[in-house]
Amino acid sequence: MNKVFLNLALTVAWVFLTGEFTLTNFVEGFIVAVIVLIVSDYVVGQNLYIKKLPIFVMFVFFFIKELVVANLKVAYDILTPRNLMKPGIIKVPLDAKSDLELTILSNLITLTPGTLSLEISKDKEFLFVHCMYVTDEKEMISGIKNGFEKRLLEVLR
Amino acid sequence: MLVSVLAGFASGALAPLIRKYFSVQVTGLILAIIPASIFIYLSSLAGTALSGTPVIEKVNWVPALGINFEFYLDGLSLMMSMLISGIGTLIFLYSSSYLAKYEDTGKFFAYLSMFMAAMLGVVLSSNLMTLFIFWELTSLTSFLLIGFKHKYEKSRYSALQALLVTGTGGIAFLAGILILYSITGTYSIPELAGFKDVIARDELAIPAVILILLGAFTKSAQFPFHFWLPNAMEAPTPVSAYLHSATMVKAGIFLMARLNPYLSANFVWSEVITYTGLVTMIFAALISLKQNDLKKILAYTTVSVLGILTFLIGLNSDYSLKTLGVFLLAHSLYKAALFLTSGSVDYATGSRDPFKLGGLLKKMPATGTAALISAVSMIGILPAFGFIAKEMFYTSVTFNNLFMTTGFLTAVILTYAALMAGVKPFLGKFQSPKETSETPVLMWIGPGVLATLSLLFGLFPEIFAGGLIRDNYKALSGLSTSYILKLWHGVNFELILSLITILCGIGLYLLRNKIFNMKIPDIKFIKPSFYYDVLFNGVLTVSKLQTKFLQNGSLRYYFVIIILFSLGLPAFVFFTGEGYKNVYLGEIPGIYEIVLGIIVLISVIVAVSAKSRFLVIAILGVIGYMISLLYILLGAPDLAMTQFAVETLTVVLFVLVIYKLPKFLTISAVKHRIRDSLIAISSGVFITLLMISVYSVEMKSEMKEYFGDNSYILANGRNIVNVILVDFRALDTLGEITVLGIAAAGVFGLMKVLKKDSK
Amino acid sequence: MDFLISLPVILPLFSAILCVFLRDYVKAQKTINFVTASLLLVISFTIGHFVYHDDIIVLNSGNWSAPFGIVLVADLFASSMLMVSNLVYFAVVFYTLNNIDKEREKLYFYPLLNTLMMGVNGAFLTGDIFNLYVWFEVMLISSFVLITIGGEKSQLEGAIKYVTLNLISSFFFLTGVGFLYGLTGTLNMADLSVQISNSEPSVLIDTVSLLFLAAFGIKSAVFPLFFWLPASYHTPPVVVSAIFAGLLTKVGVYSLIRVFTLIFTQNTSFTSDILVVIAGFTMITGVLGAAAQNDIRRILSFHIVSQIGYMIMGLGLNTALALTGSIFYILHHIIVKTNLFLVGGLVDKVKGSFALPKLGGVYKAYPFFGVLFLISALSLAGIPPLSGFWAKFTIAKAGVDISAYFIVGVALLTGILTLFSMMKIWNEAFWKEQPADCVQVIKVTKKDLVLSVLPVVLLASVTVLIGVFAGSVFEYAEKVTAGLTDSTNYINAVLRRISE
Amino acid sequence: MSETILSVMLITGAFFILISAIGIVKMPDIFMRMSSSTKASTLGIALIVIAAGIFFNDIGVFSRVVLISLFLLITAPVAAHMLGKAAYLEGDKLWENTQFDRYKEYIEKEEKEIK
Amino acid sequence: MNSIILKTAVKYLFPVLVLFSLFLLIRGHYEPGGGFVGGLVAASSVILYLITEGVEKTKRLMKFEPVYYVAGGLAISLLSGLVPVILGMPLLTGTWSNIEAPVLGKLGTPLVFDIGVYFLVLGVSTKIVISLAEED
Amino acid sequence: MKFEFVLVFTLSIIGLSMLIVLYRIIKGPSIADRVVGLDLLMASTLAFLAVFAMLSKSAVFLDAGIVLSLIAFIGTIAFAYYLQVRRKNE
Amino acid sequence: MILLLSILAGILVSAGIFLILRRSLVKIILGFALLTHAANLIIFTSGKITPGKAAFIKKGSESLSEPFADPVPQALILTAIVISFGITAFALVLFKKAYKATGSDDIDDYNTTDSIKHNI
């Protein structure tokens, strides 16, 4: 199932890339995608489910908000002479389990200014995050867990 | 005639093969057939040749260069070629016995045959270039013969010395021929007759004459090039007899004699020849006094006689030219015989020291008789042929006191030498390091024949040699003569002088022990061989120094020189020709373009001065990306794209490789850094100026327009750059991807091998 | 017919590809390689035949006419180089049959030989200056790899110099091409010739021409740019040295001659003077360098430099006869030099060394090797009537004709020093007895020996034949020269103009 | 009108890029440099690139622009993570005012377990 | 390399990169791109894979030795140049079919030539990187 | 005209940013610092060429941007890989 | 623009030459990398400069007649880039191997093959 989906996704990507929205182009893209999938057969072993479109959209907006706010905060700090940073590396316990979940979560955290995912522990139980502004360690952790992780898992599960 | 020469070479090539299936003796006998046949063949031509019209033969070789096989047989070449083939036959016979104990006799006969062929080529040529070619071949075969006993260092040394001396002379000879050609426009010797005037007047004729004489002098061992000849005695005795007395050394004499009628028009010619000959005859004779080796004595006296012969050519008088033929003939006969007998003595007694030999006549009657007769001829006693030669020689020199005195002294020493080499070992008390008996027939038949000839020629000069000498004279002077050879001219001044000579010679002989033990200070720098060694080692030293200086192993130094040369030369032309005139600087760049420029500039400075390897890699990336960006600005997206990708991959490769290399610790000296900065900066400035100047030249590229017009219509592509790559200039791309493929193979190869090593 | 002249380029490529696919089957590779070499020999002589009897052959690759596409051109000069080079290549491949170690064979040795020839042949045939650069690079990278595979320490050290010094040459070449395009707007050599001769004499063209002189000068190993050669040529296996010695520098000389007779013909007196000076120093420094060496391959390597001097001298003297001499010289030298290296290989094969002090007794044990050596060595030294004599003689005569006595003197002196070096090898390796402590027991089967000697015999006979038929060869070289001194035919053929 | 929007996007984008450039120079340790630079620049570039997409008013161009942005969003954090981790393990010093380091504890425990 | 994040990201990035490289290859005749840069991007994706998954897995991914890609690519390019020769035209003449595919445009030997370049570049780059990485 | 000015202004700002980033690349001090700088520089390059595409009204330059965005990532990852391998080997 | 480009090329040449004259192997390679860039810039400017006008034939038209950047030097440079990429890769590995074999990256130590000191 997921391969067909991926196939379609790639076909669409092809159409996008080529910039020609015609049927023949679609067919061509489909063929190319099949070739790509055959080529990368070994690589893709995992399914990609995106079913919950509305949640997804909500999530995107949430993320953009976080992104802009954090960006402005950091920008302010950079542009002003005084340093407001209170950095620390925190340890976030994880509910996310699959590699995809972990990856997306940590990437989103990293993408948000002020935070940087350093490592996922071997047992996939914890995420280590470097934060620039930690006033309260516990609050920070719960912020991530209830913010990004919860919403993300809603989208993905 | 060409056939004779080729036959010689062919038999040379076959000699090792023949030797493979037959014994030495048989091989020698078989091979002797060739010179014998040639001798007979030439004799058959003698009639025609002596009738006054030379026998001519011409075979084209490189007509475009005017170089062909041109032969002719006249009195001079007939005499020479008969000596070569005649004595050659005897030498083959002698060798077949003499060499019985030697190894590699096949090769020996091969060399000898080829030598004989080359020598025949020399004397038969009527074209200077043909002559030169055979001339070089005689040097070469002589090299092989001198070094025949090549396991001895002395042999190799002497062979190389002879080759280098005669080879250098040969090259001078060639240069002389070329210059002569540029004056006359011909290589043909007889044709030179028409250019006597030019040769007399043209300023290039002097260097030409001198260069040709250098060739002749080295070959004929004239002072100061004589030193190689005694060393050449390292060769087996038959070789000494053949090459170094009877034939090859006479090639120089032959050359001078051959060219004398034409080149003597130039005043330098005769002067140089006369005095060189004069010095050589006395100088070599004096040296022979101090020798205690039969072969050395004979060698030095040979040099001395060569001096006499040279001198006679130089005199260039009516009489001296007649004398030349007689003396040459006489010398060839007695000297070859004496060499052979001394070889036989050595063979029989194991010694060549005349002081330790005596009374061998009884044990070796045939050899002894031959030696005695030859010695008589050498001394110049009636009725041997040598007598006539010496009489005539004295007649030639009486007009000048210096010449006469020198000639007389030389003759005295030659007499002494003849007594030492041809008489002392055979007469008197028996003296020998070991038991002795007569040599095999084949070994005494040669000297026997020669000695007999010395006698016969002396007794019946007109019958045997009259025509030959007259015709020889004609060849030498261009004039006819009706001169009649006679043994007895009556009692005259020459005869008296001759008697005094003999007496003085005997006197010297009696004083031989005193002379030999006389202490002569050993002054190195008067010996010409000293200069050979100095020059030889000098060349080696210079070459070492030069190599040490030029190819010193330092890559940085190589770079410096190459860059200085490669950019300095164009820069010189550029600046002296004011190539920077009329430059057009274009619009002022935009601010963002300038920023890019500044980034590159800073990066480059960092790249040059950075201490961290890693920084350098990063900076390399920066430069690459900035240049890619420049390509975007310049309207080349394909280029930018490729540069981005290549740059990244390059950085990846650097990263994979570089941590295995050490940190930048080796810093060059400050003076080097200053020097390098100067070179680097001036190169950069030059390139900048050249770029601007080239840019300022108006250029309209037909290609650009053609591609713009036709890429889509004819090649179905809109991306013109890509169309060029895969269509218009696809051949470039095919080559380019081949390069990449090979690089991959190279990396693979490099990786593989060291794995093996590390095991 | 046109297609024929692309074969010397694409056939080796095809063979290389095939060899890579068959990389686990060394015997098959060997066979393919030998067949390719034989075919190349036949093809190049066929081309030579047609060009000699008919006319210049031009191939418009991609069917694009001359200044726009890349043309391959076989004129007499190119075809003569092609014939000699592929002859030599054939001999070397023949020699390789028995004389390359198994280890190297597995490291793409055969594909590399093929791509090397692809580059060499391409360089001879191309009529496009940038394409020439590409073939140079194909040749160079092949040689880079050939010189390094095996990875011995000396090889790597030599290779570093070889690689870097050749890279700097590529830099000059590339910038030269760039500037030339900037001045003329074309890359086709015939078109360049037309453009430049139609325009005013220009300092910039002269300047750029000197960049080419430097670039090709480095490749040809002339003074003072030769350093890479003596530093590296003696390090790889002898078959590799042999083919390098015969071909690579000569491609540089070929390019010099091509460029300075076809393109940069405006200000010849200046470049000629430079070339003659370079030639003189090249001859002398090369031959003196050789005199200081004690290893057969090192001596021979330095002699390459010295011999290049003669070829450059011919170009520098800039008369028809001189050029004829140069061409004669190149043709002769390719054969003789390769052969000398092969003989060196034979010596090493039977005595286990190239070092003169360790060698000796070859003549006694293998007199035939001695004959083969002498033929090539004496030819190199210019002893008549072997091929080298005619080459030297022609150049010397050309010099005397225009009263360039000094350089002729240098050339002749170099000849005697060459003779010295050759005879040094002869004395030490062939005549001397091998020092007792250096004698090794080396087993060589008779079949092995015969197979190794045959190609050497082939080349030696060619040397002798050139000497014997010097008249015909000389006339041929004269014809080649005629095509160079008057490039009208070349230009008309390439640009498809109808000649008057 | 659209030019105004584009101008705003461009200048904002450029501003964010500048911010990240200053940040990378100003911030005291590597982790904060990364924190402040990677994201700001990503945002800035996305803005500029999308502005370009709008500017050309061509669906093909726009789709390409979206692809660039998406790609940046995916790769930038991965790269930052990889580098951050590498820098940490490499021993790059944390800023002296860093309050705590839970990661260090984890690593030390890991190492003990290995022993 | 030992990182869940990277591994997961690469799983999804890899096919996109390959796709993009093909895109560059095929569109090269009309838009920026071509076999060379396409091949480089493809090689980059393999290098990315190599960094994440190691040499052994990369070799399996490639299926054949990279050298065969090199030789194969060269063979494709060379043969595309020889097709016109069979048809009686000079070497490397662009030979076009009448079929016009929407994205590819006209089909012809130059595209095949570029495909050869693509595979060669892919092969060369991966060969070099694998050789270097294998040594570690 | 006005918009063109905005474009040039934007380009100049990006250029300035690049210069600033260059400082970090040169200064270091750690390898990671340099790589971060390089990463940012490549990103800025991307923005630069996008703006230039607008300035020259030529969308083809954006294609180069795609390659850059894909490829730059690999460079950075390679550096990270390098740091790891180096640590392992030392 | 030409002024900027030629100065850049000049600077790259200077730096490249300075680097290849250094003792460290790595610097030599870097020097060549810079020289390659310089050569490419030289070739580029040879075709004269038409900033911002890529050589593409627009959809709908059959030829390109308005001013456009000369595609010939671009194609040449692409070829040159590819070639130098191959050679750089090879050289890099070669240098690394040489370092391994000799234990030194100081080029002054690389003189056993031709320095007369090391003659037999």
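Which chain is which? They are A, B, C, D, E, F and G, in the order written, and residues in each are numbered from 1.
We take it that a residue touches a chain if its C-beta (ideal position, glycine included) is under 8 Å from a C-beta of that chain, and two chains touch if they have at least 3 such contacts.
Values in this document were obtained by computation on a predicted structure and should not be read as measured data.
Path length between chain E and chain F in the touching-chain graph (shortest route): 1. Any chain touching chain B that also touches chain C appears here: E, G.
For the pair chain B and chain E, chains touching both partners: C, F, G. Two chain pairs are in question, D-E and B-F; the one with more C-beta pairs in contact is B-F.
For chain E, the chain with the farthest CA centroid is B. Note: the chain lying farthest from chain C is A, by mean C-alpha position. Spacing of chain E relative to chain G, judged by their CA centroids, is 24 angstrom. Chain centres here are Cα averages; for chain F and chain G they lie 22 Å apart. Chain geometry summary: the mean Cα position of chain D and that of chain G are 32 Å apart. For the pair chain C and chain E, the distance between C-alpha centroids works out to 37 Å. In chain E, the residues that touch at least two other chains are 1, 5-6, 9, 12, 16, 20, 31-33, 36-37, 40-41, 44, 47, 67, 70-71, 74, 78, 81, 91-92, 94, 121, 124, 128, 131-132, 136. Counting partners per residue, chain G has 20, 25, 28, 38, 42, 44-48, 51-54, 56, 72, 76, 78-79, 82-83, 86-87, 89-90, 93-95, 97, 101, 107, 110-114, 116 as the residues that reach two or more other chains. Within chain A, residues 13, 17-18, 20, 106-107, 117 each touch two or more of the remaining chains.
All chain pairs in contact, by the document's touch criterion: A-D, A-E, B-C, B-E, B-F, B-G, C-E, C-G, D-E, D-F, E-F, E-G, F-G.
Note for the complex: chain B touches chain F at residues 590-592, 595-596, 598-599, 602-603, 606, 612, 614-615, 618-619, 621-622, 625-626, 628-629, 632-633, 635, 637, 640-641, 644-645, 648, 651-652, 655-656, 659. Partner chain B is touched in their complex by these residues of chain F: 8, 11-12, 14-16, 18-19, 22, 25-26, 28, 31, 34-35, 37-38, 41-42, 45, 48-49, 52, 56, 58, 60-61, 63-64, 67-68, 71-72, 74-75, 78-79, 81-82, 85-86, 89. Remark: chain D residues 71, 74-75, 78, 81-82, 85 touch chain E in the complex.
Within the complex, the chain G residues that touch chain C are 20, 25, 28, 32, 35-36, 38-39, 42-48, 72-73, 76, 79-80, 83, 86-87, 90-91, 94-95, 97-98, 101-102, 107, 110-114, 116, 119-120. Listed in rising order, the residues of chain F touching chain E in the complex are 60, 63-64, 66-67, 70-71, 73-74, 77-78, 80-81, 84-85, 89.
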